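Look at the two complexes coming up: subunit A is in both, with subunit B in one and subunit C in the other.
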Partner chain A sequence: MSTHGPLSEEGLVRLLSHTGERLDHPDFGRYASELDAARLRRMWHDMTVVRAFDQEATSLQRQGELGLWVQAVGQEAAQIGSGHALRSSDFVFPSYREHGVAHTRGVDLPEILRIFRGLQHGAWDPAAHGFHLYTLVIGAHALHATGYAMAMARDGLVGTGQETDGAVVCYFGDGATSQGDVNEALTFAAVNDAPIVFFVQNNQFAISESTTRQSRVPLAQRGAGFGVPSVRVDGNDVIASYAVTQWALQHARSGAGPVLIEAFTYRMGAHTTSDDPTRYRSHADEAYWAERDPIARLETYLRGIGELSDEAVEAARAEAKELGRRTRETVKAWGRPETATMFDHVYAEPHATVAAERAWFSRYERSFADQGAHA
Partner chain B sequence: MPTFETFHMPDAGEGLTEADVVTWRVAVGDTVEVNQPLVEIETAKSLVELPCPVDGVVTELLVAEGDTVDVGAPIARFDVDPGGEPEVSVPGEVSGADSGVLSVPTPEAEAEAAAPAASSPAPVEEASGAVLVGYGVSAGSARRRPRKEGALEPVGGAGEVSDYPVLAKPPVRRLARELGVEITTVTPSGPGGLVTREDVEQAAKAKSARSLATYAGDEQPWLESGYTADGGRSTRVPVKSVRKRTAEAMVKSAFTAPHVTVFHTADVTATMDLVKRLKVDRDFSDVRVTPLLIVAKALLLAVRRHPEINASWDDEAREIVYKHYVNLGIAASTPRGLLVPNIKDAHRLPLHELALELGELTALARENRTPPAALSGGTISITNVGPLGIDTGTPILNPGESAILAFGAIREQPWVHEGEIKIRWVTQLALSFDHRLVDGELGARVLADVGRVMSDPAQGLVWG
Partner chain C sequence: MTTMTMAGAINRGLRAAMERDPKVLLMGEDIGQLGGVFRVTDGLWKDFGGDRVMDTPLAESGIVGTAIGMAMRGYRPVVEIQFDGFIFPAYNQITTQLAKMHYRSQGMITLPVVIRVPFAGGIGAVEHHSESPEALFAHTAGLRVVSPATPQDAFDMIQQAIASPDPVLFLEPKARYWDKGEVDESRVAAQLEGEHAASAATAEMSRGRVAREGSDVTLVAYGPTMRLALQAAEVAGADGTSVEVIDLRSVSPLDSDTVLRSAKRTGRVVIVHEAPTAFGPGAELSARVTEQAFFHLHAPVLRVGGFHAPYPGSKLEHDYLPSLDRVLDAVDRVMTH
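Then we have the complex of A and B:
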């Protein structure tokens, strides 16, 4: 572990050590005070279930049931911790690895796989969950999120001191911070005091490119240049991730402007199922981070204070297994949608060209002998 | 009854077409469960472990370790209901038919029959029937969806046709014709259903078997646009353009003009000295001075002394056509093939201008920009085989010409010079001529003159 640069521990907020000891922090400790044992158990449970789902999805891809899968293994604390700090008046713009956040927003996990089976571009109602569709273009949604946040301010949904006050949380990775879009979004958000929390999960790799090849300084330091208050948190510490997000959301909802959070974590899996991380990182590195597993440390802590029983662990395991089975069955039961549905959401209003193309395509489809049999 | 499922090679990356089977983690007869390691494969991207897709018993491993398997091909079969009731009787084998006693299996017999079902070969045979569950039997084989018969009016031509016009640019249509590909059968990949050049080439490739590599790692550009024959053991390339014209010209020339070739070995040390001197001459600083330039000049001088060699045989008119000009052809190997562009009125050119023209001719040929006019109207030619390290050859006449000079490699060799053995620059010259109009003596004199000038360029002054 380096002492400087984007992979150092410089300025990390940590409230739970990797060996399971509870720590305090002068500024952020109080934001975790509302986390009682029941809340922490819930977080542990969510992380466990999300990881099981993640592994099931990986298997399904390897069995040819999914075109692609994007694992979030290792990033559960950053996602579940920040997700638990959200309330219904907030709105999330995820990128494509935020399965944990999706879970906290009430998205039924197997539904996510519609995207990765190539059936739908989006698989949930963003308005119903306060959770936008996944964006696959790196960093593109940072601008959408900023615009949405600016609109929320204009709609009077910020700074009233009411429960209706909300903020946008935009999730992206370390690689996205190198994109123009993200830098433009930070600029706009800063000068407009947009109620938005930029949540960077620094998982140390932009596919295969180390964060050290993208920045000389910890990513959180970039916020200063935009005039955006920033904080760097141990992304494998679910308590600290919750605490800094709680602070950031309160700041943004109050109308004080944007915040940048860098959650320093580690992508324990591959970038996607198409990737082979052994080509660009060492087993020693993987072993180092395996010791810092976000789920294990919370489990150690909860067991240490007598708040996690064997029965609870067993129940969670059974639930995870059941989710795996349900995921498998759900995915295998999905039929292929009519190909013509791809014309459905190109425009919100009827459109002559699209209608003509749709008609041509239907005619073309009908020319095949096995029409209808391919579902 | 046992229920079978087939597992097909998945695309473990994005858009992979095949994978190598590295290690099977299970064996036939093994009881397996969902997500236990099944097989390790290696793709173009990575080493990947495939988890087992079902709970059940492995009944068949369809590919061996080390095999390269197409994505979509079946690789393993499972009995996902090994405890299920086996089929009791087989038609025609009902033992009770003769005796009049119908045998009914006892519960013990049933259990016995069910237990070994997994490892016995019987279910495997069953699996070859059309009773696979889940995955269709045809998956991975037929990728193209069949079209309805008569559902579409043909657009023209044989083969699979569609009811909308094929979109393709004219050169692509021509390419399809050349490659023998029916364009209406090509799957378009371009924007708006446009058939692209790549689509046609792909279709042509798909049509023919892959050729065997003659030697591993060989690049064989001459095989381009060919198709394989003989089960991939050979490739047949349609004869086109330059190759076709070369062949026609060679056949016409070789079988109409009786060729005779004479040879001469010459000490060209003086030519090499001259080349060296001209290279540093300010007047020649804008041109490339090579021994070819001197041999061209020497041939022009020889033609001047023996103009009757610069002629052609007009078979139809039964006349010999003597040319009062020399269009000097230089055989050139170009990206298109062998071409013989000529320098017009080369007999009038002073050495510097000749060098300029020669340089331009060579440059154009190398860049594949030789103008058609430069390829016709030649009267006599030179083929410069020396740069290939060849001493000389027996060149075939460019059709319509009566002589061609081959200029071989110039080497340092022991040579008797002024009564002593010295190391001298030596080359071989060969002159092929049309014996119908050029007698041996004339041919010999022309070649000797060329050799004379090469040995002593000053002779050019005397004859010039």
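Then we have the complex of A and C:
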């Protein structure tokens, strides 16, 4: 590990060591005080289930059932920890790897695969879950998130001290921090005191490029130039990820403006199922991070304090297996959408070109049916 | 009826929309205290305050991107891009996000965002201040692209664009900002208070119009070239050629039905716009006329427009832009074919 720069462990908030010892932190320790054993068990359970789903989706892609899959293995603590800090008055703008956060927002995991099976581009109701659709153009959603947060402040949903106070959490990766849109989002959020938490998962890779190709400094340092308070957290520590997000959300919901969190983690899988990490990283690197597995460390801790029984582990395994079965069956049962649906929702109001092309296509398809009838 | 300039008519239309709906807000560079570099938002900051007439950071992608986020929470942002050539930093947000969100969300998210752009040339400006990028946006499904040519249309169409649930590129012919005309403010007000106002407004904004009747040649224009087209019709008329002028008003959708009705009578079509002719709106319209009125045509459809060269320095712009002579030359060619 380097001691400086974007891959160093400089300044990381950590409340659970990689060997499973509980730590304290002078500034952020108290934000984890509400995490009792039952809540931690829930987080462990969520991480376990999400990883199993992820592995099932990878298998389905290998079997040709999905066009592509985007793995989130290794990032469960950053996602489940931050997701657990959210409440219903908050709104999330994910990138496209936030399956764990989706789970905490009540999105039924198999539904995500509608996108990757090529049925449609969005697969859930954003308003119902407080969870916007995935955005594939890197960093583009950071501006939508900022505008949404500006609108929340206008609507009086900030700084009242009530449960209705909310904030936006916008997730993106280390690569996105180089995008103009992310930098513009930080500018707009800062000058407007927008209630938004920018949650950067630095998983160390933008496909094949190391974070050292994006930055000379730890990404959390980017915040200072915008006047945005920032924190660096061990993203493989679910307790610390929860704590810093809780702090950030309280800050944003109070009307004090935006916050930047850099969760330093590691993408244990490939960028997507089309990627080949053996071309750009070593087995030694992967082994180093395998020892820092976010799920294993919480499991070690909970077992050590006698709060994770064999029965609980077995129950989680059974649930994960059942989710895998349900995912397989759900995906395979999906039919092909009607072709004409590709003309739906291009516009909210009728548009002559769409109407003409839809009508033409319908006549064209019918012409084959007519030929068949005459033959 | 009140006499207004086009800039004044847009200003009055924005004011009316803001008074009608508290969710309407304006975003852009220098639109507040300054009133915009063309003064189109003059006085609105003073009367509605900085929360509704927002001076934004100098970042076009940021303006459009945050407008998308605000629209997701029910606001109706009207964005000003200062000049046509500065829309490109926002091109990604407009084409991959604004245009596609309704589709991506299967209709769950509507984005009623209006992007106002002072566009086209003829004002002796420096580089990037005279461009006509409408084809780029008309080529993108999910966007509506309109351009008024008169103060009345400017007043009506800006309000119709704001009322529409779809994103609209509202292209303002900047060389025509100070042309005056009579404006009836009551008609669109009644439409927007009526039942199905958004649908009626969207449909009307999308229709072209016969601006001058004629029988020999159909001359099609919109926005910046409408005055030129009417002038050409006048001159040709004096020479004995009866020219029908159609104001498209909307580039997407393209009201080809109105053009086809005329083309089937005249059998001769000339299209004139400032945008480059290659792959321009005239190419699309020409293709539609050829496909749907081929046997009515007496001559090939001709286009008069900008060239496949960057917009030149202002000393040359009058040779780059369609001129009266070039339009009359095209009219002569379709007549003598």
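We take it that the second predicted complex is superposed on the first by the 363 of 375 C-alpha atoms of A that agree within 3 Å, B and C clash if a C-alpha of one lies under 4 Å from a C-alpha of the other, contacts with A are read in each partner's own complex, and residues count from 1 in each chain.
In the analysis below, contacts are C-beta pairs under 8 Å (C-beta built on N, C-alpha and C of every residue); 3 or more make two chains touch, one makes a residue touch a chain.
Note that the coordinates shown come from a computational prediction; the quantities given were computed from them, not determined experimentally.
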Touching partner for A:Phe188 - first (subunit B), second (subunit C), both, neither: second
Which of subunit B and subunit C A:Arg317 touches, first, second, both or neither: neither
Partner, of subunit C and subunit B, that touches more residues belonging to subunit A: C
Contacts of A:Phe368 with subunit B and subunit C, given as first, second, both or neither: first
Partner chain(s) touched by A:Leu143 [first = subunit B, second = subunit C, both, neither]: second
Contacts of A:Tyr347 with subunit B and subunit C, given as first, second, both or neither: second
First (subunit B), second (subunit C), both or neither touched by A:Arg336: neither
Which of subunit B and subunit C A:Arg30 touches, first, second, both or neither: neither
Residues of subunit A that lie at the interface with subunit B and also at the interface with subunit C: none
Complex contact set, residues of subunit B against subunit A: 7-14, 34-35, 45-51, 53, 134, 145-149, 151-152, 162-164
Complex interface listing, subunit A residues touching subunit C: 120-122, 125-127, 132-133, 135, 137, 140-152, 154-155, 180-181, 184-185, 187-188, 191, 344-354
Residue ranges of subunit C touching subunit A (in the complex, touch as defined): 51, 56-57, 59, 61-62, 64-75, 89, 92-93, 96-97, 100, 102-110, 141-142, 144, 164-166, 198-199, 202-203, 206, 252-257
Residues of subunit A touching subunit B in the complex: 56, 59, 61-65, 67-68, 272-276, 278-279, 328, 332, 360, 363-364, 366-371, 374
